[in-house]
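In the two complexes below, chain A is the common chain; its partner is chain B in one and chain C in the other.
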Partner chain A sequence: MTNIAQARIKREFKEVVKSDEVAACNITLELVDDKYNELIGKIAGPPDTPYAEGTFCLEIRIPETYPFNPPIVKFLTKIWHPNISSVTGAICLDILKDQWAAAMTLRTVLLSLQALLAAAEPDDPQDAVVAQQYKENYSIFEKTAKHWTAVYAGGPKSCPELDSKITSLKNMGFDENQARAALSSKGWDIERATEYLIN
Partner chain B sequence: MGYDLHRFQGDVDEELICPICSCVLEEPLQAPQCEHAFCAGCIHEWLTRQPTCPVDRSPIMPNQLKPVPRILRNLLSRLMIACDNVNYGCTTVVKLDTLQTHIQECEHNPKKPVTCESGCGLTIPKDELKDHNCVRELRSNMTTMQHKIQDMSSEMAEQKLQLSEQKRDIQLLKEYLRSVRISNPRIREIQTTIENEDVLRWVSNLQTARVTRWGGMISTPDAVLQAVIKRALLDSGSPAHIVNELMENAHERRWPTGLSTLETRQLNRRQYENYVTKRIPGKQAVAIMACENQHMPDDLIMEPGLVMIFAHGVE
Partner chain C sequence: MGNCLKSPNTDDISLLRGSDNGPEVVDPSAVHIGPPPPYQESVPIYHPSPNVSRPANQLTEDEQVKIAQRLGLIHHLPTGVFDGTSKKAKECCICMEEFLLGDMLRFLPCMHTYHKECIDDWLMRSFICPSCLEPVDAALLTTYETS
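Here is the complex of A and B:
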């Protein structure tokens, strides 16, 4: 890693650790090792959203050309969101692509991601299935997103009805995560989800 | 990339930090409209990717960047910074604007050029002195030199070849010109005019000479003396086509009847003062050109002119 990238990350790491957001447990940043090219970020789900009270982990990789190129960020915690892949955790956010600017920092990236959780952009989706659900049936989307937050991000238990549907698919011999993904993308219709899983 | 913050004494104002490298600004430049300042290296690197301000994305072209205001430069130059060689034992802390001067003289600089005193006398970076081996160093120098010599000699051979080709071409062209001149009287006339004008231009540039001792004339100069005068004629810019003729006319055997023997010279002695003589630069010799001496009797001048060499007495 070039000196400039390392110097920047060292300084930014301190900036995040010292910041007010950390005090409020909104965002945190940890180093994976002492090479300053890989970090784990954590952001709290914004209140009054389906992600409230959840904690979402992010994998942050720093390219050698940082800060001239953006950090490479993806969600490690599974999440149901139109701009984040429910399968890979890949993020669709302009500042992580062509709208990156060299003066942005890891702190601004984490805050932007938090803002993205509060304000999805279904018209510029990363996960087309989630985006379609968001636009066509917001109440199911909200229920699903809350459920995923509860299961994967330590959010509050929400809807026992959904848990029982997953259990019934589990009893049919399907993997729990696959069952949840199938049910989520099929609007929690057990028949369609089963069909999808079999195919 | 700017200067690492840790090297500075005391706190550094946020305004003096480059938003790109997050170090203290080095050779700062500012954006035209928003006036955000960056290290020159950092902002140029960024602009190769995107023509926008890294802070607020306002458009910037590289040629629009301008120096930061004097006040910012002054604030920067007043910062106290530790020497680059702090890890090599230098404890000096200087003002930022004198850092470069200090580094050049810093005794702790591992790259400071020093002269080897164990024989070879080469100048080498200080940190390499410990592993320095005069013989090895000189040998590698010699190999480099040999390569250079090889390259140069092959280049020279190539040039010689080109030169001989060009000489042949020139020869061919001369042959061609001569045959054209012979077959076409008009071209011959033009050629003559050009040659005459060359002669006039040359003669008018020469300084008028005054001969004070006509008796010092050497009427039978030897070959060495003639060669010396010929060299001087060529150096003075004399047109090539008349140099040989002039030099042949430097000896009494070719002089006109009024000059060709001691007797006739004695007879015409009083006429000499009427000659228009031109100094051959740096030599005790004059050119007496026919074109400038039409007022003289025919037996005292000749075409295109003659050269008189003296032992002394030319001013």
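Here is the complex of A and C:
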């Protein structure tokens, strides 16, 4: 890694650790090793959203050309969101792609991701299935996103009805995570989810 | 004077002795057989867009024009040396280091200041100010129109 990338991450790391957002437990940043090219970010789900009270982990990789190129970020915590892949955690956010500017920092990236959780952009989706559900049946989307927050991000227990549907698919021999993904993308219809899992 | 020469002299002698041990023994496996390594020309790498990196000889015609225009425009942006008198500009937002006396700076039309080296590297990728996202060429053109 070039000196400028490493020197900047060192400074940014200190900046985030000292910032007010950390004091409020909104965002945190941890180093994976002492090379300053891999970090783990954590953001709190914004209140009054289906992600409230959840904690979402992010993998942050710093390219050698940082800050001339953006950090490479993806969600490690599974999440149901139109702009984040429910399978890989890949993120669709303009500042992580062509709208990156060298004066942006890891702190601004984490805060932008938090803002993305509060304001999805379903017309610019990363996960087409989630985006379609968001636009066509918001109440099912909300229920599903809350359920995923409860299961994967430590959010509050939400809807026991959804848990029982997953249990019934599990009893049929399907993997729990696969059953959850199938039910989520098929609007929690057990028959359609089963059909999807078999094919 | 004799003092000054004493210690380096003994060092030199010991080095000479080392090389006096008969003819140099060459390890046959270390001899390079076959054609010499291909002639390598160092081709500069350009970034027509922020996430694209290409050696100069692989740029499309449009990209060459873009790069040439940028190189030309960058030279129109004023530069200076940090003398500590400016109260506004204290650190470079790209490398996040504070300006030191004697650092070469470049001033953008939006009044943001960076290290010359840092901002030139950025402007070759994207022609906007990294702080305020103001397009630099648009601002340059309006300065010409009003002046």
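We take it that the second predicted complex is superposed on the first by the 199 of 199 C-alpha atoms of A that agree within 3 Å, B and C clash if a C-alpha of one lies under 4 Å from a C-alpha of the other, contacts with A are read in each partner's own complex, and residues count from 1 in each chain.
In the analysis below, contacts are C-beta pairs under 8 Å (C-beta built on N, C-alpha and C of every residue); 3 or more make two chains touch, one makes a residue touch a chain.
As the structure is a prediction and not an experimental result, all values here were calculated from the model.
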| item | value |
| --- | --- |
| Side-by-side fit of chain B and chain C on chain A, or clash | clash |
| Chain B versus chain C as contact partner of A:Ser164, first or second or both or neither | neither |
| Which superposed partner A:Phe68 touches (first chain B, second chain C, both, neither) | both |
| Touched partner set for A:Lys97, first chain B, second chain C, both or neither | second |
| Contacts of A:Ser139 with chain B and chain C, given as first, second, both or neither | neither |
| Partner chain(s) touched by A:Glu12 [first = chain B, second = chain C, both, neither] | both |
| Touched partner set for A:Asn199, first chain B, second chain C, both or neither | neither |
| Common ground on chain A, meaning residues reached by chain C in one complex and by chain B in the other | 4, 7-8, 11-12, 67-69, 101-104 |
| Touching residues on chain A, where the partner in the complex is chain C | 4, 7-8, 11-12, 65, 67-70, 97-98, 100-104 |
| Residue numbers on chain A that touch chain B, as the complex places them | 3-4, 7-8, 11-12, 67-69, 99, 101-104 |
| Chain A-touching residues of chain B, taken from the complex the two chains share | 1, 4-5, 19-23, 36, 42, 45-46, 49-50, 52-55, 57 |
| Contact footprint of chain A on chain C as seen in their complex | 47, 49-51, 53, 93-97, 118, 121-122, 125-126, 128-131, 133 |
